[in-house]
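One chain, chain A, appears in both complexes that follow, with chain B as partner in the first and chain C in the second.
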Partner chain A sequence: MKWLRDVLDNLKPNFEKGGKFPWLHSTFDAFETFAFVPKTTTSCGAHFRDALDMKRTMTMVILALMPALLFGTYNIGYQHFHSINPSLAFFDGFWDNLWYGIVKVLPIIVVSYVVGLSIEFGFAQWRKHEVNEGFLVTGMLIPLVMPPDVPLWQVALATAFAVVIGKEVFGGTGMNFLNPALLARAFLFFAFPSSMSGDNVWIAQKADAFSGATPLAEMMIGAELPSASFWDMFLGIMPGSIGETSSVAILLGAAFLIITGIGSWRIMLSVFIGGALMGLTFNLFGSNPYTQIPFYYHYVLGGFMFGAVFMATDPVTAAQTNKGKWIYGLLIGVMAVLIRVVNPAYPEGMMLAILLLNVFAPLIDYYVVDANIRKRMKRWKIKGGKNV
Partner chain B sequence: MVKTITVRKGFDIKLKGEAKKRVMDVEIDSYAVKPSDYLGVNPKLMVQKGDMVKVGQPLFYAKENPRILFTSSVCGQVQEIVRGEKRFIEEIQIKASKVQESVSFGEFALDLMDKEQVIEKLLQTGLWTLLRQRPYAVIPNPESCPKCVIITAFSSSAYAPDYNLLTQGREKDIQMGIEVIKKVANCKVHLNVCGKNTTAPEILNLKGVQINRFVGKHPVGNVSVQISRLDPMCKGDRVWYVDIQDLAIIGRFFLSGRIEKDKIIALAGSEVKNPQYYRVRMGACIFPLVNDNVNSQNFLRFISGDVLTGKSIAKTGYIGAYDNLISVIKEGNYYEFLGWIAPGLKKFSFYRTFLSGFTNLLPFSRRKPVEIDTNMHGGKRALVLTGEYEKVLPLDIYPMQLIKACIIGDIDLMEQLGIYEVDAEDFALCEVIDVSKTDIQSIIRNGLELIRKEMGE
Partner chain C sequence: MAEFNFKLIKNPLSKENPITIQVLGICSALAVTAKLQPAFVMALSVTVVVAFSNVIISFLRNTIPPRIRIIVQLVIVSLLVILVDQVLKAFVYDVSKQLSVFVGLIITNCIVMGRLEAFAMSNKPFDSFLDGIGNGLGYAVILITLGVVRELFGSGTLWGYQIIPESFYNFGYQNNSLMIMPPMALILVGIIIWVQRARNKELCEKE
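Moving on to the complex of A and B:
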């Protein structure tokens, strides 16, 4: 790759101070560091550093999202043809399904990345920072939580809102307190409810005769149990957001995140425990059918699994202390099920639960750290007393 | 009574090129004292270029406390006084002469001296500077009173020298050193040894100290970790600590009346042809050790100390005052095409995102030493990942919060979060595994300096 290096070395002076395009420095830097890990060496502190950097960290999360994306893409095609011909089996017309899905999903991904990255580059340039890799993940998360029929201009608007208001106004990646991808979804949910709820948006170009209600919506209007079986829902063969339907695909991603050490197993596990606790509590005291479903149905309904694995674990917006992570996760699980079952206005409790706990995460951390401070102060006091 | 203490968290870094267990003698005629080895010391020169100095003759004193003298470890001529930024004295270089003469410190016997006389003797000879104090890792004020003293007799870092070898045949010196310390500081004296590797009778048979066997991964050898397990720090507490080889130098002086700052150091690293131990005098030039002994095809980094906390020096540089290890590794000034997505069979990483993270799990390749270089492996970013520092910091401290408190310079918050219990070196592993490539050690060091100035110490 010597020639590419040479090309970059030749171009580089143009983008540095005194060159022709110093205002494009961040952009050049982003492409250069994409092609080559820089040759910077350690100048103070430890003389060697871990081979893992932010680019690879974010890439790992994107890899973890791949099973959900691939399954989701296929499922969109299948759900579309299934609504036209309800006797269609899952693997019938494999390539048709897949192609249909790609045609639907790819534009959404492209719009999300183009809009988001443009804004990121712009802000980096303006602040004279390096371009941060955070949006690589956000840009993939946004399409995965969208319904397949969402208009592209709405994706663009939601992405722009999420990046500017959710992230950049606070200083960019690492400084935001709300999960940008969820913020994009919440924005659409409240600004354009007709594209984000109801029975018509969850199957791409659904045949009119077909009901199209997601299992979550069926539960909402008082079904005993969803019409899809537990295993169908677990596998993800149901209408829904692009990447959220298949628990299997999401769990594959979860395993990948935990093995590589990038995702927090504490948060994932505690969200599930929280959901189970609330589900069981409803089983004990509830009076309508929704309260009586087995707690593990909550895991496979709607965005619970996706939220637990990919949204709640965002390290920037989650609680930062280990104890805090347990509390944060538990409360997300509890709130998600609570909102779902009790509040009929919001079928998707997971999104709201995570955003709510994003807001409370710093407070949780504050009390966890405060306990540590108090312990220390107590030790000082005892010690001081002895001396006197 | 021997106590065993197990520390659970940590991370051992096993690197290629550990020193073989043989000690070589080598002729060295160039020496230097580096004031920057002594944190917080503002040097005031007492010699000039061209002066002849004897062993034990003071070269400079600390402006903050003129009683603290820094003496020459060799007899010879002051060859050069190297000054750096703002004319700060970086090195006082001395060319050793053939015949070594010593300053005479008169007749004395430890038994007949009181505390003040011993302290005065240590200050006069410059041996006082071998002691250090927590918090701040500075030379203790002779008027201060520690709550305990820690003698460190092992290291857990990368390329850690074997203290069994370092202390060979020095039992009497060390025992005398302990008596001196006990006279100077009326408090408990801990001798901290490695639960796994320390076997030398020179260490384990020492009297009058509490021997603690520490078991665990790096940073179990760090003083802060040991203090946290033995007697946690409170505000206003002081703990003194001294390396066992330095203690032997102190003991030797009280036995023989002569200053012999000789010690054994390890030369290690992937780029050293014959990694082994050398018997040298404090402040020795490393050039004779490394000249024909390193791979010259690569750009190299010479480090006085270990690769986690040591100082970068030139090939003709001098070993630091408190160091007993020279590490030599490759410089990493190369571009790596799409390195951030490479499978990485041979990369060093704490995480399992590279294939190397899995090959190490296979039974036949377990604990295979890895090779490292000085490349940053990525650009600096905002702090994003959480919960990682905690895995390698065995202290009851919230590292992320403390780092942020140091960045904003909030003294109250730093105190509350336990700044007195740590030193920069404790955060070395955090710095290594940090995905955002933050220079954490210097952040903590600056925090400590800020608070030290505020406290007027």
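Moving on to the complex of A and C:
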């Protein structure tokens, strides 16, 4: 890699103050630190440093998303050919399926990254600060929550909206209070409902005769149980957004996130508990078939699993305190199932539940911290109010 | 004739704008701007009401007992609002139906009460009239901007006429339904505030 270092060192003076392109400094800096870890060290203060910086964190999340992406890509192709020939088994025509999926998914990923990164770079230049890596993950999450047939210009518009209104307005990476990837999806859901809902968008170029209803949509219109079996849905052999169908692939990613300590297991677990609580409550009191399904069906339907593992755990928008994380996760699970079952206008409750709790996360944290202070004050008073 | 103080009209258009700076009258700005025509009529009605209530209150300002001034202001404003409402019903019935309750709600529009309290109660009638016209126009600028953007991208039309050609739709263009929902109007107002403050740093709050 010596030659790369040399090239960068040769170019560097051009982008410093007094060079030819000082206004492109942020852009250059982004590429340089992308290739090499900066060798500058803190000059004063504490020196405890973990190797886990933001770039590493982001790379880990991208790795954790890979199983869902690969499975999703293959599944897009399979669902397409399956709709033409319903007797097709899952591994028949493996390469055809995979190739078809790649042709569908790759453009969405490219559009999401190109649009998002250009806006990030533009804002970084304009505000004269470094380009942050936050978008590397967002740019991958956005395609994964899109239906396969979504028009590319809509992906571009949604990405731009999410990055500018969701993030840059508030000061860029780390300052946003809504998850940008979910915001992009919510934008499309409300702006262009015809490409984000209904039975025709979840299978790429579906054959007309084939019903393209997702299991989630079937439950919505009052089916007793989805037509796909629990295990099919668990494995992910069903139509849906690109990355959300396979619970197995998502759980692999979840395990990876938990082992590397990047995703919060508290949030993931509490979302599942919250979903189960609400599901069981509906089992007790519900009157229509949707309320009567076993609670674990909610996990494999729609985007519940994907949201719990990759969206709710976003470290910026989630609650920060440990107790807060439990409350935040529980409420997401409860709200997601509640919106799904009770509100017929919004089939996918997970997206709205997470966005809602994103807004409440700072409030939850505030009261957790406040309660802790009061508890300690009380303890201090019991001990006589002296410094012990 | 009092001298014509041009600032009273000019300032509310930009650096004292009732919506983006004073943050008054937001509700109606979100509610009636999905289409350009109702937005325009609404802006006109508010301008008329603010201007004339400002004049009337300014004439009465030395005779109104301070303790009941809000009631007096309300009576005058509601009189003007009823007049405007009747005129709208008589001449532009369709628009009046679209605006429905929001014409009546001009009474509660903070711009009207705000200007009466802040300006008309302590200034001469002609200045008050100019101030009312200025604030009404400042309100109108924002409403019409919102109306144009929202109708163009939300319905593909302007003033009811198709602007975005049919061929665009054949290529896969779709109207943005979020534009006709009130939340998008709030976001658009936010963007206008952002742009305005980015261009004029004096308006930013001190940290």
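Observations on the structure shown:
Keep in mind that, in the parts below, the second predicted complex is superposed on the first by the 373 of 388 C-alpha atoms of A that agree within 3 Å, B and C clash if a C-alpha of one lies under 4 Å from a C-alpha of the other, contacts with A are read in each partner's own complex, and residues count from 1 in each chain.
The working rule: a residue touches a chain if its C-beta (ideal position, glycine included) is under 8 Å from a C-beta of that chain, and two chains touch if they have at least 3 such contacts.
Only a predicted model underlies this, so the values are computations on that prediction, with no experimental measurement involved.
With the C-alpha superposition on chain A as described, chain C and chain B fit side by side in the combined arrangement. When the two complexes are overlaid on their common chain A, residue A:E130 makes contact with chain B while staying clear of chain C.
In the superposition on chain A, contact is made by A:M60 with chain B only, not with chain C. Between the C-alpha centres of chain B and chain C, as viewed from that of chain A, the superposed structures give an angle of 100°, to the nearest 10. In the superposed model, A:V169 makes contact with chain C only, not with chain B. When the two complexes are overlaid on their common chain A, residue A:P151 makes contact with chain C while staying clear of chain B. In the superposed three-chain model, the partner touching more residues of chain A is B, compared with the other of chain B and chain C. Contact with chain C, but none with chain B, is seen for A:S194 once the two complexes are overlaid on the shared chain. Following the chain A superposition, chain B and chain C show a smallest Cα-Cα distance of 11 angstrom. Applying the stated touch rule to the two superposed structures, the chain B and chain C interfaces on chain A have no residue in common. Across the complex, chain B is touched by residues 1, 4-5, 33, 35-57, 59-60, 130, 132-134, 171-175, 259-262, 264, 266, 315-316, 318, 320-322, 325, 365, 369, 372-373, 375-377, 379-380, 383-384 of chain A.
Contacts from chain B toward chain A in the complex involve residues 232, 234-235, 237, 301, 303, 307-310, 312, 327, 329, 331-341, 344, 347-354, 357, 372-387, 390, 396-398, 400-401, 416-418, 424, 428, 431-437, 439-442. Taken in their complex, chain A has these residues touching chain C: 151, 153-154, 165, 169, 187, 190-195. Across the complex, chain A is touched by residues 172, 174, 176-179, 181, 187, 190-191, 194 of chain C.
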